[in-house]
Amino acid sequence: SQANAAAKCIKGDRKAPYTIGWANIYSVPTWMKQTQGTIEAEIETLKKQGLVDKLVVTDAQGDANVQIQQIQSMIDSDVDAIILIAGSSTAPARVLAAACAKGIAIINFDSLVDTDQVTAKVNTDSAQWGDQAAKFLIDAIGGKGKILVLNGPAGVSVSDDRRKGADAALKAHPEVTVVAETNTPYNVAPAQEAVTSLLFANSEIDGILSLGGALSAGAVLALDKQGREQVPITGENARQFLELWKEKGLKSWATMQPNWLGAFATYTAVQALEGKDVPAFVKIPLPVIDNSNIDQYLARAADFPADGYIYSPYDEDLFKKLLAEQ
Amino acid sequence: MTAWKETVGGRRALTILRSRPFLTVAIVAAVWIVASFVSRGFGAYGHLRYLVELAAVIGLVAAGQTFVVIAGGIDLSVAAIVTVSAVSLPLLSWQADPTGLTAVLAVLALTTTIGLVNGLGVALLRVHPMIMTLAMATFLQGLLIIIAGGSAVTAENPLVRWIGNARPAGIPAGVLLWVAVSVIVLAAMHATSFGARLFAMGANPLAATLSGVPFASTTLAVYGISGFTSGLAGVLVLGMNGQGYVGIGDPYLLASIAAVVLGGTSILGGLGTYAGTIPGAILLVTITALITVVNASPGWRSILFGSLILGLLLLSGREQARR
Amino acid sequence: MSTVGSSRQAGALYWPVQLRRNVGVRGLFAVVMAFLVAYGFLFPGLFTASGFAKFTQSWFPLALVAMAQAILMLTGGISLAIGAMVSLGAVIAATTMTGPLGVAGGATAVALTGVGIGGATGFIVVKLRLPAIVVTLAGSFIIGGAALLILPRPGGAIPEWLSDLLAGNTPAAFVLLVLIVLLWKLYLATPLGLSLYAAGENPVGAYRSGVPVDGARVAAYAISGLLCTGAGLFVAAQTGSGDPIIGTAFTLNSIAAAVLGGIGFLGGQGTMRGALAGSLLLSLMISVMFFLGFTPVAQYVAQGLIIIGAVAIPQFRKVQR
Amino acid sequence: MATAPLLAARGVSKSFFGNPVLRDVSIALQPGRVHALLGENGAGKSTLINLLSGALRPDGGAIEVDGRPVWRMTPAYAQQAGIAVVQQELSLTASLSIAENIGLGAYPRRFGLLDYPELAVRARAACDLVGLREPLSVPVGHLSLGRRQMVEIAKALYRRPRVLILDEPTSSLSATETKVLTELLERLRGEGIAILYISHRLNEVMALCQHVTILKDGACTADRSLEGTDAGGLVRLMVGRDPGDLFPQWQASVSTANAISVRNFSAGLMRDVDLDIRTGEVLGIGGLVGQGQEDLLLGLYGAIPARTASATINGASSLPSGVPKANALGLAYVPADRKREGLHLIHSIITNMMLPAFARLPALKLRSRRAERETARGLAAQLGIKGDLDRPAQALSGGNQQKVALAKWMPHHPLALLLNDPTRGVDVETKREIYMMLRNFAAAGKAVVLLSSDTPELVHLCDRVAVVREGHIVAMLERGALSEEAIVSAAMGAEQRQVAA
């Protein structure tokens, strides 16, 4: 089937069953572990179909330099495909070019690299994320008021993109003022700490624009501990946040970075190796959680880790549709 | 006029006034006062109380760290131990024990054991503390991959919840816990022969050994204590956040070392006191909160944070000459 | 006083001195060699030009920061700002080299920044007698903040030819490392360089012997800063771009490499070759574990065991004897 | 004398933290003269030479070189002016080689680089002068204390000084090395060098020096020619009253019971030694510096690994497995290198004195600061350690530090004392007290092992002396046969036989 290989990068004598390399940046956090779970499930399916025989996993322990070294090792051992969550949006570009030149299929998902030397990129749209979140919040506070902006760590493209995505909507509503803005890791504890201090310093807050992870849960806990009224808040599909949402009856909106991106990237890699034409960029539509469907999500909560993320359901049909749609 | 300085009481008062712990306390007070002028909400009682509650977590981790540093070592595994504690506790739910105490004790036993293993490596294998505890932190990451996200249930532990949220007599339970631990730590450090051995080991391990200080067992104890207090901090931080997660302990590695050193304990060992670490921890959370409420870009905030630490260090931190 | 002793005997001083310095690190060298052999066995491509080039490239920045940390630890100092300095170096390189300054100007800016910040840190630590660990902790926030100001998110660029030259299929990294080690030997052969050891271990005695103790220590900080931003430049070339937080992990790794290599905390203990071997072990370990097919859990466990083992086993043999 | 002194202090004063240490002291060093500087521990001798060599700056008064006042004396300037100092506390760096240490601060250069061939030639020359035969590339950390002291002297000679200042250069040297040094100094004096010599060994001073300055409590009490003075007179000048005999009169109290008995004992450099140490005796250990004597003590003390065919230690039938065990068996050890092994310099004197107690008490037993202070006061009084006991030990003069290292064992009434050069750098008065203590100790039926580099001490104080050479006990001299000549020749014996053969 490789004769008519149309997808980028793939070259050479690549026959099923394939060896897939999964270049993870850090495998310890729960989101990553869940993602790895979807990848492993997908690999099992593909193994049954005789398409894959091995999954090689590396863990860069959060260090982009180590990730480059590990991708290099994958090139050296000539895996057929590399699926990748990048530790930096620029750093792996050159090693990926080398992998591409060697004819290895590369599917980059979640954290993307600024390069076109990959077979395909798979992700939600971070700017859209910021935009939709901002629009929901502005709407929820009635088009005016004081808001806090909680964002992920500085110096990381994803957080920057989400934040920039929110800009247009905020500019369009001059009566919405950002009274304070903060960057923390996408975790509960640092968000709770920052929001607590910000709440003391700013007595009036009408809404919180939280741009992901467990930041929203931290903010809700901070408000709750101070005995303050909850305010409209945006968020992500962290189980703790969804449960708090229900418990406190929040006026809220959330989207997600579905963990099945990993399974989908694996699927895409194999499709590309099998000679299918895959689009250079597969944009995953942002699933939205709001009061209309939160109960469906919470109904499945028990299937997910307590500190994990409740992702939307997926199956092969969804994958096929996503690949066809673009 | 200066006669009071000559009296015994006066001399003692002067020593206290000039001591690092006192200076650190004074700096914390000054920062609080200045900050509450800049931002009125900052100096609110509730906020200061919250800062002390946050400092309790650092303070607990730094308690063990102070022991270790004074004895001439360092513990780079504290962050991982905090995480292990906070992540594994929800996995344990003894139906038989409605208070949740058993689960907490089991986790503390686990983290103490981790600390003891550190001690074994340092004392018996003679591995440099930095290497031993760094390797331990790496091990624990592997352990976390296995245990993290493994539970589909949130085990609500009443005791943990109480520690993280209750306010008996208006004082957060975490702060009360910290006070209790501080009293014990200060007593062990300065009023027992165990404490005296630590200082001796840190200042000159060779001379301490030749004087009969039991090196191995003391080292074991010191790292065991560090594992215990880190585990305790994990319990507290779990209670305060309702949910443990991987990475929950990460901020406490540098924070614990910084609190120890800002409090005047020499990183080279042999000199110092937990009495300085306590205000050191409060100082750290205060500065962190301060830069949170300042409106600036992340880059400038980071610069401000570093400059504040450096500036405060200039006020308090002259190293004593040694050797 | 009469001069006795033959010059033949005298000429043979330098090499015996060098040889004797291997004593403390022989065990580590053996472990490193074992890993090198294992790597070559698992991945025969190591012995091709490009295989060797890629391998040395992934080691190179770690080797530089290990040296940067080792110099400081030899003087009794330490730096927690290594990672931030690497990031700053990378960011400056990636923002200047394709601009009007050009590669030469950019490299000069990187070098001046390294020497300047390093020297300033040294001045604060040495002249104001503040504990190095907190000064550099504070410094890491200031320097990291500066990197974020210059490049708030990953970006910038390095001229393609420079990337290819330094981190293409050429042994440039290895040649550079050899050059840097030679320069280090040269520095150690200057009175100021050799004073590092004395200034670190017995500052009072050194001062009384007429050694410019403070000067030697400040110089060490400046050199250390230069090595860090240099590592940053290399990382920028290797990745073709700048990232304001790319260096973060180097702080702890540099300490691990130096301590693994036998550099002591109290100053004056250990050798640069040890620190280099330590960094090589850390780097090799990653690739060897990959080729052994370790899962992440096994990677973490094995990594812990290897670094403990590399220190403990030679110790053990010493006690047995 | 017509010529201006090469180096002089004029009315200098110095205080530390408000405590005057030197008051209006003057001293003048003339070429071709060995000038003794004497005084009790803490009198200010080392401080004075620190002023002379620029390591410290005087609060008042002036330092003169060639009769001209120097505005700001620094170590570098002193070096230029040809002043070299052998420090009391060694100024060496353990990880550098002998040659690199000797040249430190004054390296020969070529093209800005250290000129190793030239360094080797000059360092070798300096080493040959003091009889140091180790390869120049050996790191100083591998040398024993005595050898290091030789390196320190070679380091001063390397600088080809016009003025040579030696602060207790012989404190850990045995008679043989001391003799080499004495001859060397004689020769240098003949070459017109001015020498300032500090020592607590008065016989050396009598043999070597022409002029003496005596300090008492920081003030100059005598500055005169040595002609017509005897050792007793010197002591009188130093302590201000009539001296008794340095060595106490004593009756043998040795019993037939063994406190310590080992067969085929090996540790460190020591190989297959048989040794019985009896209760009630002072057993001396002598020999050239660094023949393994120290390893003998450390091995018995459980501080380094040791092997033995059989052992009896105060009733126990094996060697102690570690120091706490040894302490429990009633052994106590006082190291020679007080700075590195004996003391916690940054800690208070009290804490230092109480450390063995802390080590033995149950870990969680509460301390009583009051009781600690009482004990420490008692010890300080007993050993004549003056001043505030809360000062860090590093503020004490060298001799007083030695006293603290010894004092800390006294409250524990050890059954056997293992002493490694316990009077190193101790002034005569204190020496007398220590000697008295040791004899009383033996008289009380306990055992004392006295490793000493001070041969008279071995002769006058010991029941028996074991002379060690190359890891073996080559002679066991009984009291009747003890003399300095006997010890020295036993120490050199094998060599002489070799020469003869």
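Couple of notes before you dig in:
Going by the order they are written in, the chains are A, B, C and D; count residues from 1 in each one.
Keep in mind that, in the parts below, a contact is a pair of C-beta atoms (placed from the backbone, for glycine too) under 8 Å apart; a residue touches a chain by one contact, two chains touch by 3 or more.
Here the structure is a predicted model, which is why all the values come from computation and not from measurement.
In terms of the distance between Cα centroids, chain B is separated most widely from D.
Computed centre separation for the pair chain B/chain D is 44 angstrom, with centres defined by C-alpha atoms. For the pair chain A and chain B, the distance between mean C-alpha positions equals 34 Å. Separating the centre of chain C from that of chain D, both taken as means of CA atoms, is a distance of 41 Å. Per-chain CA centroids place chain B at a distance of 31 Å from chain C.
With touch defined as above, residues shared between interfaces to two or more other chains in chain B number as follows: 141, 145, 298-299, 301-302, 323. Residues of chain A found to touch two or more other chains are 27, 61, 154-155.
Residues of chain C in contact with two or more other chains: 147-148, 152, 202, 204, 296, 299-300, 319.
Chain pairs that touch one another are A-B, A-C, B-C, B-D, C-D.
Of all the residues in chain B, the ones that touch chain C in their complex are 76, 121, 125-128, 130-132, 134-136, 138-139, 141-142, 145-146, 254, 257-258, 261-262, 266-268, 297-307, 309-310, 313-314, 317-319, 321, 323. Across the interface of their complex, chain C is touched by residues 53, 55, 75-76, 78-79, 85, 87, 89-97, 99-100, 104-107, 109, 112-114, 116-122, 124-126, 128-129, 135-139, 155, 157, 160, 191, 305 of chain D.
On the side of chain A, the complex with chain C involves touching residues 24, 27, 56-59, 61-66, 68-70, 72-74, 76-77, 88-94, 114, 153-157, 160. Listed in rising order, the residues of chain B touching chain D in the complex are 188, 191-197, 199-200, 203-204, 206-214, 218, 221, 270-271, 320, 322-323. Residues 43, 45, 51, 54, 58, 61-62, 147-148, 152-156, 163, 167, 235, 238-246, 248-250, 253, 283, 286-287, 290-291, 293, 295-296, 299-300 of chain C touch chain A in their complex.
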